[in-house]
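For reference, the structures are reproduced in the following blocks.
The following pair of complexes shares a single chain, chain A, combined with chain B in the former and chain C in the latter.
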Partner chain A sequence: MTDILRVEHLSRKFGEKLALNDVSLTLKKGKVLGLIGENGAGKTTLIKHILGLLTAQEGSVHVFGLNPVQDPATVLANIGYLAEEDGLPSWMRVHELQRYFQGFYANWDQAYAEDLREKFRIDRRARIGQLSKGQRARVGLMAALAYRPELLLLDEPSSGLDPIVRREILTSIVRAVANENRTVLFSSHLLSEIEMVADEVAMIRDGEILFCDELDAVKQSHRRVTLSFDETRSAPPNVPDAFCWEGGGREWRCLYSGRTTTIDAAAALVGARIVEQDWLTLDEIFLARSGGEVSHS
Partner chain B sequence: MVKSWRQCLCLIAAICFGGVFSHSYRQGASLTGCLLLIVIIALLAALTLPESHQQGASGFPAYMFLLPMSNAEMVVWPMLLSAVLLAAAGWAIALAVLTAVASFADTWWLAPYLAGNVALFQTISWLPMKRPELRALLAFAIVASIVSGPIAIGVGFLTAVPMALSYIAVMVLSMVACVRGVGRARHGLAAVGTNDDSYQIPDLPRFPSRVDSQVWLEEKRNGLVMKILTGMLVGLFALVATISVPTSGSFTPIGGVQVSSLALVWASLALVLPPYFGFGGCCASESDNVSKDRSLLPFMALRPLTTLQIVEAKVLASTRMALRLAVASVGAAFAILLLPTSTHGPYRPTIGALAHALTLPQALGILVAYGVVLAGGIKACISGIWSSLGRLPIWLMYIFAMLPLTVISATIIGLVTHPEKLPAFLAFLPNVIFIYAGLKLAALIPATVRLKRSGLVPESLVTRWFAGCAVTGVILFVLACWGIPSALYGRWAIAAQVFVFLPLLRVVLAPLFVARGRHG
Partner chain C sequence: MAQQEETSAALMMRVVQSAGTPLYLQLYNQLKYLMASGRLQPGEELPPIRVLAEKLVLNPSTVARAYRELEIERLVEKRSTNGTFVAEAESPFAEAEQRRILIDRIDTLLVEAKQFRFTTPNLIALLEERDALLREGERVR
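Our next item is the complex of A and B:
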C-alpha cells in the first residue's frame, strides 16, 4: 500500500517551546487516521507541517512523496482541509466561494458541491460572515470535499457542528471518502467519533507521539489490572508499562499498556496475583495517557 | 431598470455639480460652494451605493453588552476616555507640526475639535442604522467637518470660541445618541436593514486558471480599501486645491505663459495616487502579508499555487486597480488645472494658460466630466467607509483617517494665513518624503536578513529582485527628469520619483514576504 503521508523525525520549536519532538508517522492510502491529544499537544502544528504552512526545522515531511513547502501547488491540489477556525473570508458569498475554489481544482465537481450544499441547507446567496459557526463549518466541509481530494485533513472539524451533522454527515462522509480509497487524517477531541471512523489512531502529548497503531491494537494493548498482594504495601510496585497506580494495602490497581504475558510475568515477579482485568475505552486510554483520572466501572 | 434610473440620477447630479461648481467661483464664494458640493456629492453617493455594502449593525464591541453595567456607563466612559486621550495626543502632534511649518500660538480650539470629531466617528460606527445610507451621509459630514473646520478658522469664516463650543455640543449630543442607540442594539431592539433577499446570483463563467481565481480574490479583498484611500485623497486634493489655487499668487513661466504653481503641484500629487495605492494595496508591506491573524494569508496559503503565482496574482490585481483608480485621479488632476488662477477678474483656468484658450462647449464638457469623475471617486470613498464602519476599531479610524486629515488641515491653515511661507514649505516637503522613503527602505534590511536566514528564497533571486529595484529606480528617475518642467525640476523631481518608487519596491519584494508568511 502506498504511503500518502510520511513524517520522519520532525521537530519544531517556537522560541524556547518545543512544539514537536522527533515525530514520525506514516499514513497509508485509503486509511482513516485519528489524531488525538490535549489542547496544545501539537496536533495543529503537525497538520500545518503537512500542509506546508510551517517549514520543518528538523526532520522531513512528505505528502504524496513530495515536500509540501517545495511543491505547494501539486501537494495542495490534492488535499482537502477543514479546521476548527474556518478562516473563510466573511465578505464572500457561498456561490462566490464555490466559483473561487472551482478555479483552483480541476476535479471540482459542481454537482457534488451543490448536493452537499443542499444537504447542509446553506443558501448560495448568503455571505459567509452572516452564517452561524456551524453553517460556516458546513461550508468549509463542502469546499474541502467537492474536488474529491486524495487526502482529507480535518483539524477539530466537529467543534462547530451540531450532533446531527457530526454523527450522520461528517462520520458518514469520512467513511465514504475512505471507501473510495482516499485517505483521511482526522484530529478530534470527540473520541467517540474517532472510534466510529478511524482505522488507526495516534496520540500526541507535549509534541511527542505516544502511540500510533491500528485502533483495535491500541484498545487491546490497554487494560485496567487489579493486583492482590499477600502483604500490605505502602507504595505501588515497579512494573514495566504500568502507570496510573492507585489503591493501597494489599490491593493495587494500575493501567497497563503492554502484552498479557508480560504483565503476568511482572505480577509474579513482585509477588502479586492478577485478580481482575478490564479493557479500556479510547476515552479512558486518552484520559490515562493524558494524566487524568479514569473512573472505575 | 433600477440601475438605469440610478445612472440618470448620477448624470443629473453631475450636471448640477458642475453648474454649482462653476457658479461658486463666479460668485467668489468658494467655501460656501464647496460645502454645497459636499452635500450634493453625499446625496449622489447615497443614491448610487451598491446594495452589497449596506451594513447597518452597530459596531459597538458586542462582548461589552454582557458587562454588568448600565447602557450609559457602558457607552459614556469609553467615549470620554477616547475623546480625552485622542484629543490630547492629536493636539500635541498638531502643535508639533504647526510649530515646524509656521508659528501658531492660538491652537487651543484643536482639542474640542478633535474630541468632537472622535465622538462623531464613534456615533456613526456604534449607532445601528435601519437605513445604512444615513451612515454614509454622516461619514461624509465628518470628513467635511474635519477638513472644513480648520479652513473656516484659517480664512476667518469662524472664530475659535463658537467653533469650540459647537464641537463640545456635538460631543454631548453624540453621547446621548450613542447611549440610546447602543442600548437598543444591546437589547435587540434595533432593526437593521439588509437587502440580501433581493440579491440575484450572477451567471458568471468558471475562472480560466488558478491565477485568475486568485486575482479575483485580491481585487475583491483590496479593491475597497484602495477605493477608500484614493477617493478620500483625490476628494481632499480637489477640495484643498479648490480653495488654495485661486487665492495663490504663485506663478511659474512655462513656454512664455504664466502657470499656477500650486495647481501644478496639487495635480501632480493627485496623479501619484493610482500607482501608489494601486500597487501598494495588493503587494502590501510585511505586516500585511505575514501577519497570520489579520490577513487572509492562511486562506490563500492553502490554495494550490506556487508563491510566485500568488505574487503574480497580486501584481495583476494591483495593475488593474491602479488603472481603475487612475480614472479618478486623472479627472481630479485635470479638474485642478481647470481652477481659476485668481478669484479676482475673469475666469482663467490654469489649463487655459497652458492651452491658451478653451471654447465654452469644451469648458462645459470638462466641468461635467469633472463632476462625474469626482463624484465617482468620492462615492467610492463613502462606500468604502460605509462598509468598513462598524468593523474598524475607533483608534484605527482615528490614526488612518482623522489624524492625517488634521495634520494636513493644520498645515493648510498655516499656508493660507501665511502665504509667504509657501516656498519654504514646498522646499521642505521633499525632505519629509526622503525621510519616509529612508525609513521604509531601512525596514527592508532586517526583513531581508531574516528571509535569507530562513532559506526559503534562493540568494540569486534576492539579488535579481534588488537589481530590478535599482533598474526601476533609474528608469523612473529618467522619466521624472524628462517629464517634469525645468522650472520645477530638481528636488521635487527626485522626491516624486522616490514616492512612486516605494510601492514598486513592495511589488519586487512581495515574493520574499509571502514565502516567509506562508511557510513559517
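Our next item is the complex of A and C:
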C-alpha cells in the first residue's frame, strides 16, 4: 500500500455553505504535503474528515486504505495529531499524561517520549495548564510523536509560537521523514515553513483545491516576468496566465503561471522582449493565485 | 566518520526563503561554490542527506536533489558505501565554476571603476600594483 491518504471527490456542506467542493488528493508514504489556504478556506474541515470526526457527505476518504469513520480505532492509532488548540487535559501533569497515552496507544514508546521531553526541557511534574503556550505545544508534539504514528497531521502547528518552538516542530517533521519514512500532512499560514519541508503543496480556496502538485513543479511554473516594449503603453498587454501587472511606459512586470515556452511566445506576440525573469516565493505564488482573478479583470 | 560529518563545510550552508530561488538550487549553488573555493576538497565526503536535511531543517528530497544535480555534472560521486564524495578528478565544471565566480567579481569591479571614471588600463595597472604588494607579503592597507 503506497497511498497513505486518498481523498476522492469529497464535498461537504454546513447548512447552505459549501465548505469542501469536490476535493481530491493523495499522499504517498514518506512524503510531506503542505496545505495552504486562508482561514476558512476548508483546511481544518478537510483534516477533520481525515481524522474521521466528520463523515463524507459526498465522495470518500481513505487513510491507510481504511475509512476513518468506520474504523476509527485503527486509523487514529496510527495518526499523530497536533492542532493549534492543543486540547490537552490541563489538570494533568506531564508524566501523568504520558501514562495516560501509554494506556491509549499500544505503540507508545516511553523511552522516546522521555527523550523528547528532555530535549524540549519540560518538567515531568509540571501541570499542563500552567505551561506556556510554547511549552504546551512541545508537550503536544511529544504526545503526537511518541507512538511513532505512520501519519503526522499538523493543523497550523506553529500558530502563535515563537521561532524556537516552530523550528523544533519543523525539525521533528524532517526527522520523522528522514529517519523513519513517516508521512506528514501539515497546514500552515507560514508559507516559508512549508517551502522548507514540503514535497508537495496543495492550495485550497473556498473549499476547492486550486492546485496540488510537487513543490518543485509549483515553483517551476510560477515566475515574475518583466517585459520591455519598444513603445510606451498606458495599459498592460493581454497575456494569458499573467496577472498582478505593475509598471508603466515601456516596462511592465507581471506574475506568470504557466510554461516558460508559452510566455516566450506570448511576449513575442505582443511585441515585447523578456528582460528579467525571477523565481517567486511560495508567499508570492499564494498571493498571485488567490488575488489573481481579481486583478486580472 | 561521524567527526568528519560534523566538520564538513557543507554544514555551514544557509538557505534563504525570501529569494524565491528553489532551495535545492540554493544548496546546489553553494556546494559548487564551496568546491570551487576549496572549502570542500576533492575526495571529501559530503554529509549524509538526512544529516544535512536535519541541520538545515529541509525536506530530505531537497538535499537529495541538490546532490543528484551535482552528480549529473560529475562534481560529486556516489560510492558503494552509500556516501557522496567530492569528485577526485579536476572537473572541467569546477574550472568553469571558478571562472564564473571570478567573472562575477570582475564585472562588479568594472562597473564601479566606470562610475569612478577609472579607465580599464588604469584598473589593470592598479591590479598589478596590488598583486606585487601581496606577493611581497605586505599587509594590504
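Quick note on the criterion: the second predicted complex is superposed on the first by the 258 of 297 C-alpha atoms of A that agree within 3 Å, B and C clash if a C-alpha of one lies under 4 Å from a C-alpha of the other, contacts with A are read in each partner's own complex, and residues count from 1 in each chain.
FYI, a contact is a pair of C-beta atoms (placed from the backbone, for glycine too) under 8 Å apart; a residue touches a chain by one contact, two chains touch by 3 or more.
The model shown is predicted, which means the values in this text are computed figures rather than measured ones.
S.K.: Go through the superposed model and pick first if A:Leu170 touches only chain B, second if only chain C, both, or neither.
M.R.: The second partner, chain C, only.
S.K.: What is the contact status of A:Ala73 with respect to chain B (first) and chain C (second): first, second, both, or neither?
M.R.: The answer is first: A:Ala73 touches chain B but not chain C.
S.K.: Please tell me which partner, chain B or chain C, touches more residues of chain A.
M.R.: The partner making contact with more of chain A's residues is B.
S.K.: Touch check for A:Leu53: first (chain B), second (chain C), both, or neither?
M.R.: Touch status of A:Leu53: first partner only.
S.K.: So, A:Pro240: does it touch chain B (first), chain C (second), both, or neither?
M.R.: In the superposition, A:Pro240 touches no partner, neither chain B nor chain C.
S.K.: Quick one: classify A:Gly103 as touching chain B (first), chain C (second), both or neither.
M.R.: It touches chain B, and chain C stays clear.
S.K.: Should A:Gly271 be classified as contacting the first partner (chain B), the second (chain C), both, or neither?
M.R.: In the superposition, A:Gly271 touches no partner, neither chain B nor chain C.
S.K.: Could you please specify the touching residues of chain A with respect to chain B in the complex?
M.R.: Against chain B, chain A makes touches at 48, 51-55, 69, 72-77, 81, 87-89, 91-93, 95-96, 99-105, 124-127, 130.
S.K.: So in the complex, the part of chain B that touches chain A is made up of which residues?
M.R.: Residues 196, 199, 201, 204, 206-210, 212-214, 216-217, 220-221, 296, 298-299, 301-307, 309, 454, 456, 518-520.
S.K.: Which part of chain C faces chain A closely enough to touch in the complex?
M.R.: For this pair, the touching residues of chain C are 15, 17-24, 49-50, 53-54, 57-61, 65.
S.K.: Where on chain A is chain C touching in the complex?
M.R.: Spelled out, the residues of chain A in touch with chain C are 32, 167, 170-171, 174-175, 177-179, 192, 195-199, 216, 219-220, 278-281, 284.
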